[in-house]
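Per-chain residue numbering starts at 1, and chain names A, B, C and D are given in the order in which the chains are listed.
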Amino acid sequence: MKRKICVVVTARPSYARIKTALAAIRDHPDLELQLVVAASALLDRYGAAVKVMEAEGFRIDRKVYMIVEGENLVTSAKSTGIGMAELATVFNDLQPDVVVTVADRYETIATSVAAAYMNIPLAHVQGGEVTGSIDEKTRHANTKLADIHLVCCESARIRVEKLGERPESIFLTGCPSIDLAREALEEKRDVAEIVTRYSGVGAGVDVREPYVVVMQHPVTTEYDDSYRNTAETIEAIEAAGVPALWFWPNVDAGSDGTSKAIRVAREHGRLRQVHFYRNMHPADFLAVLMHSRGIIGNSSVALRECAYLGVPAVNIGSRQRGRDRGRNVRDVDYGRDAIAAAIRDVWSATERPVDMIYGDGHAGKRIADVLATCPLTIDKMLTY
Amino acid sequence: MKRKICVVVTARPSYARIKTALAAIRDHPDLELQLVVAASALLDRYGAAVKVMEAEGFRIDRKVYMIVEGENLVTSAKSTGIGMAELATVFNDLQPDVVVTVADRYETIATSVAAAYMNIPLAHVQGGEVTGSIDEKTRHANTKLADIHLVCCESARIRVEKLGERPESIFLTGCPSIDLAREALEEKRDVAEIVTRYSGVGAGVDVREPYVVVMQHPVTTEYDDSYRNTAETIEAIEAAGVPALWFWPNVDAGSDGTSKAIRVAREHGRLRQVHFYRNMHPADFLAVLMHSRGIIGNSSVALRECAYLGVPAVNIGSRQRGRDRGRNVRDVDYGRDAIAAAIRDVWSATERPVDMIYGDGHAGKRIADVLATCPLTIDKMLTY
Amino acid sequence: MKRKICVVVTARPSYARIKTALAAIRDHPDLELQLVVAASALLDRYGAAVKVMEAEGFRIDRKVYMIVEGENLVTSAKSTGIGMAELATVFNDLQPDVVVTVADRYETIATSVAAAYMNIPLAHVQGGEVTGSIDEKTRHANTKLADIHLVCCESARIRVEKLGERPESIFLTGCPSIDLAREALEEKRDVAEIVTRYSGVGAGVDVREPYVVVMQHPVTTEYDDSYRNTAETIEAIEAAGVPALWFWPNVDAGSDGTSKAIRVAREHGRLRQVHFYRNMHPADFLAVLMHSRGIIGNSSVALRECAYLGVPAVNIGSRQRGRDRGRNVRDVDYGRDAIAAAIRDVWSATERPVDMIYGDGHAGKRIADVLATCPLTIDKMLTY
Amino acid sequence: MKRKICVVVTARPSYARIKTALAAIRDHPDLELQLVVAASALLDRYGAAVKVMEAEGFRIDRKVYMIVEGENLVTSAKSTGIGMAELATVFNDLQPDVVVTVADRYETIATSVAAAYMNIPLAHVQGGEVTGSIDEKTRHANTKLADIHLVCCESARIRVEKLGERPESIFLTGCPSIDLAREALEEKRDVAEIVTRYSGVGAGVDVREPYVVVMQHPVTTEYDDSYRNTAETIEAIEAAGVPALWFWPNVDAGSDGTSKAIRVAREHGRLRQVHFYRNMHPADFLAVLMHSRGIIGNSSVALRECAYLGVPAVNIGSRQRGRDRGRNVRDVDYGRDAIAAAIRDVWSATERPVDMIYGDGHAGKRIADVLATCPLTIDKMLTY
């Protein structure tokens, strides 16, 4: 009997972080993959990860619409509750041997609670990291609900153990997103060709010339500041005068603040050297990133993939607070002057140091092996 | 401006564990109590705590029906999700300054997630304890979602700190349930009069003669065993031949197994010295308990209130595993012979040692004082 | 390509009313049956129709837990909403060509709305009848949402047409419950043997001697009266002094009033000639019914199956108001004296007239044939 | 005791259709208004009716987020179910004497079912009309759930009566939207000033010169056609070569098809004489409309307000099929040529005939009077 491994993917970035593990589970002789796509991963305006997944050959077992639209934080909680109720029905139908929840987006706790309450062993990928914001609470709550911990870096392994989890339930696998970075490095794709396949809006940016990449997410617990923070980044990019490819934020309370700042700037004739994309296939995105002078914003990509790839990064504000970072990262606060200065540093950087702190590029295979062989139990207690 | 403290009570036993704190919050000059009653606390067949609360003078601000009926674990998860979606609306209406979630029943995480995701500071009462079963996961996940920790005993305080919470956010208040035990001790009520006010079913038991109290809850992660475990306890009581007052279990996946074992036994003419109650006012229950020869089963009352009151206890099976206990407790496994032997020990015990490990009887007041004065923040990170 | 026919069964009595159609759909060469079991049909305390269905060889495609527990009408609405959200996901998974909703219980509108809003042709069984109470509103709303109408009697056909539905979308099939009555008539089973297979509670009733059957449902819009109405029936049975087999009511707001009246009566030593059953296999129930002196209460069985079988009936109160009835029915109000007098009449009746107003016993087959051949469209307008 | 009238507003256009009734209820000496805002009426991207309502002095009693985001019809059903569950809680809190549901958008049935199942008398505004599409089913199902019918025109009154409703429960009040048209006629506002207060996107249109208004909604049961139909309208406008103010569609399954057609056209450099608005205050919109050469699309505004105002209309496709219309309307199919020809007709029209078929401009007051005095009952049966 193959073990049935049910993975719930809830967002475009989560897919990138689990993709090689999905393939490795699907292809493992002792495992059967059950793939549930939910939340913003189903929605066009957040990049419709589901379509990418289908295009890449994954068969979707269930789709769960759960995002309640709204303009404040109340809908994050409601969406999570609705997803939990629905996922319970899904797990009851699919009867998995293990459920896998990925990282720390708010809606991931729906997966964790549903599995835990149904006595299904829960594996959590990417626990033990620290970032601040609501993700911090979600991530560690996921850890306390999980039975199997698949962590990305040594500092995360130590933290999960300190959180009272049994050492034998913690596996240092590295992060599957680094697997994609490894593949991207090996592939050496043509960025000029890639960008012709995406429309987006805004100015034309010639990617044969130097450019930067921008990814700035709203910081949930600073809801009212989303608009202002984005505006500072916009001003810094204008001041630095560098061409940029800006990738649109994912769904989150506060995302409207971010969107609005961009819209307002564009309507006032700013950002004339910036092209906006809603989404790109991860492999394409990594090629664009590798080829860039650096990444600006607060995405974890700057710390993780870019550490492995050696891409310089300007990391703005508190969102990545406490997360391990390599020598590629320059941390700055929200002010436009500091951001602009850091952008100029990155632009003219001559060295691109590489750090393997988040994995060696073979995490997906390692995760599948753990799931095929680890003991399955739902009974645990604090180790202290 | 008074701080608005929103307490969500989801079950009859939770009410007993928070009642003196509710009164202290309501009566505190700097606090305003917002009382939400939800889940089984609204349901007649689980003792309708809501009616007791109203009778005791509490004004209910909102009622949230959320228990989905069913015969397996899937409905625990669904109920939690539905409660989460509803509580988000409630918190959005009431706009509290602090939300309080009580202990570790599965549905309490609905309160915790909704408050955390809405950036409302969350206070958790009774964190840091250990028990095994699904409560264990829920409790520590509540801790990771909470900003303020109101713990009952020193070992709990240490565990919450080890879980990476900031020491200044942890307050050792003792357990409000012990406050009720203190009041019961002071009141010295007449048990023979008390029982005339409750009907129940089963044999008449003369409480002027010695008797024991029975409370046995299903153990969620051992769903299929509920019937069998209860049957063992039934046989043990028959074998010991002692009159007993049996208090009906609360709602939980598996409760039907427990109920059925009792029903089958009664239909076969067993349990002729046992009277069954669905519920009793906590003060009445404590008087009945103090007056008894001992308590049989797996209720935490046996470890907490009974430690303070010095009531001997037979604690069966794994449900209270790892929880601090005083000298009043005899632990036994599920076998009928061991249980019967322990009942006989308790029945003839000559000493009733008292331990204050769960509080000195003034926890409610202490909790209100903490909530009135502690800093309110929603931003936290692991301390390591 | 076979047409995929998705039938949603939400309660024990609904199963009896659709069973022969389920079998005929499953066995039809041009149809594929998709069977969804939901609501109280999943719950032990309402007879767990799902277990009967599985025992009778039906494969269940999906189970939907949706009943929110509570003590007032608010939970009927909440249960319906939750069921609607879940059924949408189920229909999205199963992609049926037709959805079938059965009769008029409150939760059936969840099926109707979900199918209609997803542009799936909706067939409604048992529209066009009149009864009063909330069922009345639900039934006609179902008709307005449905595209195909499978009605039981000529007066129903006329009413659906008057409601503005196109004549070519209305099919007079008779009621599948009468198919079971026909089978029961042909089988001639031994009632004395049947009752040995059900335990129930209460007095032993010797079914080789004369007896009556009792089925009394709460009347939703008279919530507060449930207790009182049941008490009147109890007094009438006591006054008539007849042995009775009482079948427990199905889930509904107000069912607790009914249950409580019975419990109170039994605790006061009444109903010593009454045996209570929670449920019986429909075929067994029909045999018990045929063999009885008559049926007492407000069940539609008294009007439908009993018309075909010629079983005398005392129909109490407003629940069946306006529904077609044969010569077997005596209508009375809630007063104990009138009920008792009618029971005595029934007890001593010498004639048992038969009326085929609800069908000739071949409705299931006819329904399957309609579903296999009728045009499928979702576009309709009032005919006036 | 004032009667408590709870009105649920779920969308921007519904607000326009009930606004004068809201004010009249609020100001009526025997009534108390309870205002619930739900669904897309809370969402910025559908015009945030809630902000307009607050700005116009209405106090909101409850907000219900219920729209589940998605790209297909399944989310319409899910949103309705979630709204139903939430509205049950709201009605339980507010304890209204009457609930008012407005018109026929899909989510309105959530209000109707919740009220009906909770035994609260339900008033339905704008029943008895015919349109085709899913609105048709929703509208008549609302009628069957409602106890009080407040209809807009004589043909609607007759249809509701034919649907089996008691004549004494049907009140011909006219449509409150016509009240606003009357006010707009009396106010004679300056359109050139009005448009300066809205940004929108697209070309500048000089409203001192002739222009048309465009409003085209997706037709739910023709989901896949939304993109194509909108594209035809776009081509027709290009062909006619007239300046246009285009008002963005409301939330609905399929709205993405409409949005996309517009986006694609703009990215290809079309629609250079068109300015797009997401929303306008109803009074401003009516002034813009009165001042225009005509309205193009499939909005009911073209039939209702424009009949009263005498504004010529090109009504495209099936969405308004069967609805009463005045002499101002030209009906055309989806083809670009027919639409363009009709636009040219409208553009050069010399007469603007007025018809009062949908009311005389005093409906709001009349509705409040009915709600203050009509008998309140929840018990009804078909009249045939």
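Please note the rule applied: a contact is a pair of C-beta atoms (placed from the backbone, for glycine too) under 8 Å apart; a residue touches a chain by one contact, two chains touch by 3 or more.
Just so you know, these numbers come straight off a predicted model, no measurement behind them.
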Legend entry - Selected pair, greater C-beta contact count between A-D and C-D: C-D
Inset, instruction - Tell me the angle, as a multiple of 5 degrees, of the rotation that maps chain B onto chain C over the C-alpha atoms. - result: 180
Inset, instruction - Using mean C-alpha positions as chain centres, tell me how far chain A is from chain D in Å, no decimals. - result: 41
Inset, instruction - Return the distance between the CA-based centres of chain A and chain C, expressed in whole Å. - result: 52
Inset, instruction - Could you list which residues of chain C touch at least two other chains? - result: 65, 74-75, 78, 82, 85-86, 89, 92
Inset, instruction - Provide the residue numbers of chain C that touch chain A in the complex, in ascending order. - result: 62-65, 82, 85-86, 89, 92-93
Inset, instruction - Spell out the residues on chain A that touch chain B in their complex, using ranges where they run on. - result: 68, 72-78, 80-89, 91-92, 106, 109-110, 113-114, 116-119, 130-134, 136-137, 140-141, 143-145, 158-159, 162-164, 220-221, 223, 321-322, 378-382, 384
Inset, instruction - Show which residues of chain C lie in contact with chain B when the two form their complex. - result: 42-44, 48, 65-71, 74-75, 78, 82, 199, 201, 256, 267
